């Protein structure tokens, strides 16, 4: 039964996934603000847009996991999807904050996908 | 006692304030996305930054009011402050989405300040 | 291409879905607080838990739609799922706030499912 | 000028405050779910209500700090206020989750108040 998911999932696994989401939240928000300060913000528009999306779902997922939401599977799946797309976007830019963000997103996506499987 | 605030406040007043926050949330988020698509997004950087801030606090305030949070006074005060600063920023730009957003922010700020007084 | 979803979707349809989410947010938060004040809150525990879940995803979905998030389809699908489960839970209780909430959740679920299809 | 707050604030101080908020978010959400499962949830109603309030503002504050929001001072002040009231409520209950939550809230309140001063 889906409601028991959080009991079945290893507690250590949940804690690790929460930490990954929080790291990704911080990397995305840092990248968002840094992108806005780049000389050519228009070039960074998609990155700005996606880091906001990704920061929001990561905050939401971390909160959901910490309250043992019955929807952790679905939420982590959505979080993984958004992280993957944000990672691809950020990876296209050479700025250190984008590269760091891409790394955090990829790592978070992987752990979220694991949680959801 | 502060916990009784929502009982003292006129229910119609709360409903109106919730609606103002939701209108402002929509105007800010619309403006955020439209600003990112402007040719010179760098020129819009502060607007992009503040519309995100404002959309987030409006969503938070509307949710808090609808659950009769004991902190409605403090939250509405913070919402009013952020709306006022976002309104000033948006008002500096001629784009219709900025002007519309400035109007929604000013209106929301006023009603939130009323709620908090 | 998924990124064009919001352009394909009828704007009126999006506006209606945003409104449904905001109505559901208000109904869920109202029910949450009312359930906590019922004499037998233990009996309402699952309702309290799910109305919080549902209010949170509705706020998230409304905000995502208003900023034309590229993930509107996935988010609306998740929102529909949570609304449906919350509706079933609330429908089991005779309290007016639960019945009203169940109605708002069902309506929101239906419109979100439409948005996502 | 208020906009420079995050530049003046020691970066280490901000990082510590973000971590405190995230710890408090987790403690509050854990306590929320545990309270709902207590035999006498009615007795825990105010605790349930306040841990939700506190978890929400902590998530909001952590996200705001990580994006260097211009409103960090005001947001951290509000977060401190809510944490203090949640701490007092939780401290009244003997459950381990309540005592742990009270501790996390007090610690977070102190650091947030420091950030805001």
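We call the chains A, B, C and D, going by the order they appear; numbering starts again at 1 in every chain.
Basically, a contact is a pair of C-beta atoms (placed from the backbone, for glycine too) under 8 Å apart; a residue touches a chain by one contact, two chains touch by 3 or more.
Because the structure is predicted, anything quoted here is derived from the model rather than measured.
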Chain pair showing more contacts of the two, A-B and A-C: A-C
Maximum centroid distance from chain C, chain identifier (CA atoms): D
Approximate Å spacing (C-alpha centroids) for the pair chain A, chain B: 26
For chain A paired with chain D, centre-to-centre distance based on mean C-alpha positions, whole Å: 22
Intercentroid distance (Cα basis), chain C paired with chain A, Å: 23
Of all residues in chain A, the ones touching two or more other chains: 33, 49, 52, 63, 67
Chain contact topology (line, ring, star, complete or other): complete
Interface residues, chain D side, partner chain A - complex: 18, 22, 25-26, 29-30, 32-33, 55, 59, 62-63, 66-68
Residues of chain C defined as touching chain A within the complex: 49-50, 52-53, 56-57, 60, 63-64, 67, 69-71, 74-75, 78, 81-82, 85
Touch list for chain A against partner chain B, complex: 33, 36-42, 44-45, 48-49, 52
